[in-house]
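Each remark here refers to the structure printed beneath this line.
Residue numbering begins at 1 within each chain, and the chains themselves are lettered A, B, C, D, E and F in the order written.
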Amino acid sequence: MLDPVVLFFLLGVTAGVLKSELRLPVQVYELLSILLLLAIGMKGGIELARQPFFELVPQMLAVIALGFVLPFLVYPILMGPGRMPRADAASIAAHYGSVSVGTFAVVVAYLAARDIAYEAYMPLFVVLLEVPAILVGIAMAKGLRGTTGWKASTHEVLLGKSIVLLVGGLLIGWLVGEEGIKPLEPLFFHPFQGLLALFLLEMGLVTASHLGSLRRYGLFLLAFGVVTPIVFATIGVVLGWLLGLSMGGAVVLATLAASASYIAVPAAMRISVPEANPALSLAASLGVTFPFNVILGIPLYHALSEQFYRYTGAS
Amino acid sequence: MHRHRRRLLTIVTESAIESRLTKDLDRWGAHGYTITDARGKGARGIREGNWEGNRNIRIEVVCDEDTARHIADHLREDYYDHYAMILYHSDVEIMRPEKF
Amino acid sequence: MLDPVVLFFLLGVTAGVLKSELRLPVQVYELLSILLLLAIGMKGGIELARQPFFELVPQMLAVIALGFVLPFLVYPILMGPGRMPRADAASIAAHYGSVSVGTFAVVVAYLAARDIAYEAYMPLFVVLLEVPAILVGIAMAKGLRGTTGWKASTHEVLLGKSIVLLVGGLLIGWLVGEEGIKPLEPLFFHPFQGLLALFLLEMGLVTASHLGSLRRYGLFLLAFGVVTPIVFATIGVVLGWLLGLSMGGAVVLATLAASASYIAVPAAMRISVPEANPALSLAASLGVTFPFNVILGIPLYHALSEQFYRYTGAS
Amino acid sequence: MHRHRRRLLTIVTESAIESRLTKDLDRWGAHGYTITDARGKGARGIREGNWEGNRNIRIEVVCDEDTARHIADHLREDYYDHYAMILYHSDVEIMRPEKF
Amino acid sequence: MLDPVVLFFLLGVTAGVLKSELRLPVQVYELLSILLLLAIGMKGGIELARQPFFELVPQMLAVIALGFVLPFLVYPILMGPGRMPRADAASIAAHYGSVSVGTFAVVVAYLAARDIAYEAYMPLFVVLLEVPAILVGIAMAKGLRGTTGWKASTHEVLLGKSIVLLVGGLLIGWLVGEEGIKPLEPLFFHPFQGLLALFLLEMGLVTASHLGSLRRYGLFLLAFGVVTPIVFATIGVVLGWLLGLSMGGAVVLATLAASASYIAVPAAMRISVPEANPALSLAASLGVTFPFNVILGIPLYHALSEQFYRYTGAS
Amino acid sequence: MHRHRRRLLTIVTESAIESRLTKDLDRWGAHGYTITDARGKGARGIREGNWEGNRNIRIEVVCDEDTARHIADHLREDYYDHYAMILYHSDVEIMRPEKF
């Protein structure tokens, strides 16, 4: 059965494809993304407050390493069979190495609807996975030596909207703890799924407007946008198992690995690698991978993780 | 009413570069600028303005002929190739020449 | 006693008439109308999921017929005593034959506050009543033969914002059912009356700005805007009774019949019958009929329905 | 910097016709347009822009003389009588003539 | 321990100072302030409905008198040691004589988190304190004789956004009472603290952009912005005690006296005393006094009031 | 297409004075105006437009030469010293002279 939030996404895509007059004002989009980012951050922070921080350090390092490694897995494919210019290959690699907070929210809703437990500090991993791939992508495009702009780029990436809100929420949740956050729940936590539904409605409309450019860039992007997340998700499941995550936790990590950024990375690439064509990377991440993950991918990664954990006899 | 001729430079481009561009305008000698949110269509396709990835801004700078030329040259070098951007100039009359 | 939501409407009208600096950004208006339309649609869909669809078919056909018939009842009056140009008469007839979702939300709040039951699938009727009168209005203005633009018009009407959101919500509610929709309740259902209150505050401000043009168009519009809803409501009560609706359901149907569109129909007329003067139809529907229905009409239709049902011995 | 003269056509009208109008602009030969949300006052009264029924949009088209004339003629025929609308032209200088 | 809402303020200031890309659309700011103002108004109105109005009249008169007196306490200091032009001195006096609704919301959240009772009709005092200082400030700047514009000014002040929403909410709460307002709670009351948190995030961003102009205007403003609220709060505690308020009520009154307007008064001064420099008054009220009150002031006034009430043996 | 020359007066100023200013424009003979929300930078610093205290508006008035002069004179007297404000004029061509 499809989750209602996914139906909102489909409603948006349908309305967009049919050229309906439905528009969400960009300010509504911004309000929704601010609320979702803060909520995700705070949820993670609350959990962090619950356990000894240093116990998480190995997992955190592994996740950061994942963020650095993933882009290297796709860059050669984009340059070779994909025949893309260097800047575009680097930019797309960064998109897929990083994460999509929207997809994260959908997997969280998916697991909650099925009462599947997972490590609740996962939002920390979202933060950790967001940045490394961006740095790798910039280095791929510019080379490590072209130091001009490196400091500026890092500054811009770290102070981008999503990092600030995720980290800010994380810190607030961590400082205030579960009890202290209670008064904020009616705005941030209770309507979370509703906010996500509206957000997906909007993303559906935006996705529809990228389907056109998809047609232009052809089959390679389509295949790339479906195969990459499946491969990355498999890596995520295995890594989750190695790190001792629960089965649900492995689903989340798989989904994070499988997801491709469409907010933080495009903004960073626009500034730091302007010669990359944004229509290309968005057609892949937003036009293919996002819908794929949301509709088919997440249930698939769930099945994958279940099989793998059953087979290995874990949890 | 004394009148003074100045140039009005209008730039339409991606909102993603707003903060970088305004810093550059300062450096290139603009004494001020006015920005409005916009959407539109051009050689790089439709930019609907319903999402952070496809918003435009419209920047106006009133300045003297030389500054206008200077800004336009820099924009062409630093931005024109890689960003959705158009640029046009016209003559305007202003009242307080010391401001521009 | 006045419902609090009605007081918000009066606050808006008062602030507008006194030329206060109070403004609601149009983006807030859009967010509110999106939430209300989706909520109403989903509520209807949940109910549809509960009962055999085919049992509703007779009621649905009757309601569609009502939407086609109502405009014909006022068109001659607008052309004759009203002395209006054909385009204006057609446009106003379309406004009054169609429905106002805002007024529907108020009657729902009214009945809920008084614990009066009604058929919960009523949002379906909102959808069904929205479109037919628009088609009739276009035909009245252009004639059936002027086929140019007929297809475009229908496309535009069916893909207008309110239809897409109502129908989209309906389908989602229908597919997902009461249980599945639960996670969305904190955003869409719990704050419904609060959202409606804010929406009415804004509509009050907009209404105030139409009172001026009302003065210009004189007494006829005023009388028309009060008498029409009363007549239409009476038809609605009787039809509700004929269809076997509960007393509360008849109040809702009466209110739907009595209400005049100020969102979907104006937008459609602007595109399809541009020679009609929008100030005229909005002065009537928004400046007279909407406040009349919200403040006096609904209690009146309630009394009417009660009397009628008591007299006929129904429910 | 080579300069080229073009016309800047500015239209202020009801937002209700945005999608129809932009389709028409395409058909009439505009290579692009820029839209900003607006409110205002004119012969058809105040349009406060606080509600979907009373919003304006302001459309700018940079194009050559002939296209400007062509668009203006069409607007007058198809829209001018029934919609709140004004229209004005001016001269602007642009840098990349191939875009317009 | 810091309240979570205060942490949101600090997040905003930090993001602003670090020149992050985080922005809240102005329409979100407007939605938040509309919701907060209406909620505060309605809460006050509900309480007013609970008690005989005439019993409050002495307190109300005293509070109005406070609003007229406070500006006179700072005007000479601003003109003398502050060496400010008359218009600026008058404008700043008006800012500090009036109140900040944001600060009021923070003290309410502060007391609620600590389960400290206070007179729940306090929002009435917010309304009463808002206007008098504005009139005094205009008179200080223009003299009483310059009657030109007096009527217009008063009209503009009374019909400004915050007064209309506060008074409107008050009347609605008063007419409808606790029972009647219930359906509106999920939008206005339950998420109150969350809305306040977002509002403070935005105010933090705005505050950060005023820190620069603070540097320009030097030490005097900084000292003035810290000392004035402490003195005014002391007056507030004593007056609260004289009026027989509870200890918690005295904290609220102290905070109201200590707070400086940054919404209603700047707007009124811009229109009525345009020669006053708004950067100056906002640097003080928003750049110094608001953060001071929110972070240090309120706990201080709490301690002050507790000591005073213990010493005097009250409550 | 007959063309008529008019003046386009553009004012950028604080949004706080919008309602007062539009009333004045009416009194000073403008037949209409168009307003868009804006932000910007000038002699009085940055006005980010993210808060009611620092929003700009951009007002356009199409009118004849005399009215433009009249409005500009009044603006200079009544507003220019105390408000963040700039003002510039240019020539435009319109189609329906009776409207302006």
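Convention: a contact is a pair of C-beta atoms (placed from the backbone, for glycine too) under 8 Å apart; a residue touches a chain by one contact, two chains touch by 3 or more.
Chain identities (UniProt): A, C, E = Sodium-dependent bicarbonate transport family permease; B, D, F = Transcriptional regulator.
Keep in mind that this is a model prediction, so the values were computed, not measured.
Each step here moves to a touching chain, and the least such steps from chain C to chain F number 2.
With chains reduced to the mean position of their C-alpha atoms, the one farthest from chain C is B. C-beta contact counts were set side by side for E-F and A-E; A-E has more. The chain with its Cα centre farthest from the Cα centre of chain E is D. The centroid of the Cα atoms in chain D and the matching centroid in chain E are 46 Å apart.
Centroid to centroid, with C-alpha atoms defining each point, chain C and chain D lie 34 Å apart.
Between chain A and chain D the centroid-to-centroid distance comes to 40 Å (mean Cα coordinates, whole Å). Within chain C, residues 19, 21, 23-27, 30-31, 186, 267 each touch two or more of the remaining chains.
For chain F, residues touching at least two other chains, in rising order: 36-37, 49, 90. Pairwise, the chains that make contact are A-B, A-C, A-E, B-D, B-F, C-D, C-E, D-F, E-F. Only residues 1-4, 7-8, 11, 14-15, 18-25, 27-28, 31, 109, 112-113, 186, 190-191, 193-195, 197-198 of chain A touch chain C when the two sit together in their complex.
Interface of chain C with chain D (complex): residues 23-26, 29-30, 202, 205-206, 209, 213, 262-263, 266-267, 270-271, 274-275, 278-279, 282. Across the interface of their complex, chain B is touched by residues 1, 3, 6, 8, 22, 26, 31-37, 62, 90-96, 99 of chain D. Remark: chain B residues 14, 16-17, 20, 44-46, 48-55, 79, 81-83 touch chain A in the complex.
Within the complex, the chain C residues that touch chain A are 25-27, 30-31, 34-35, 156, 159-161, 164-165, 168, 171-172, 175-176, 180-181, 183-188, 267.
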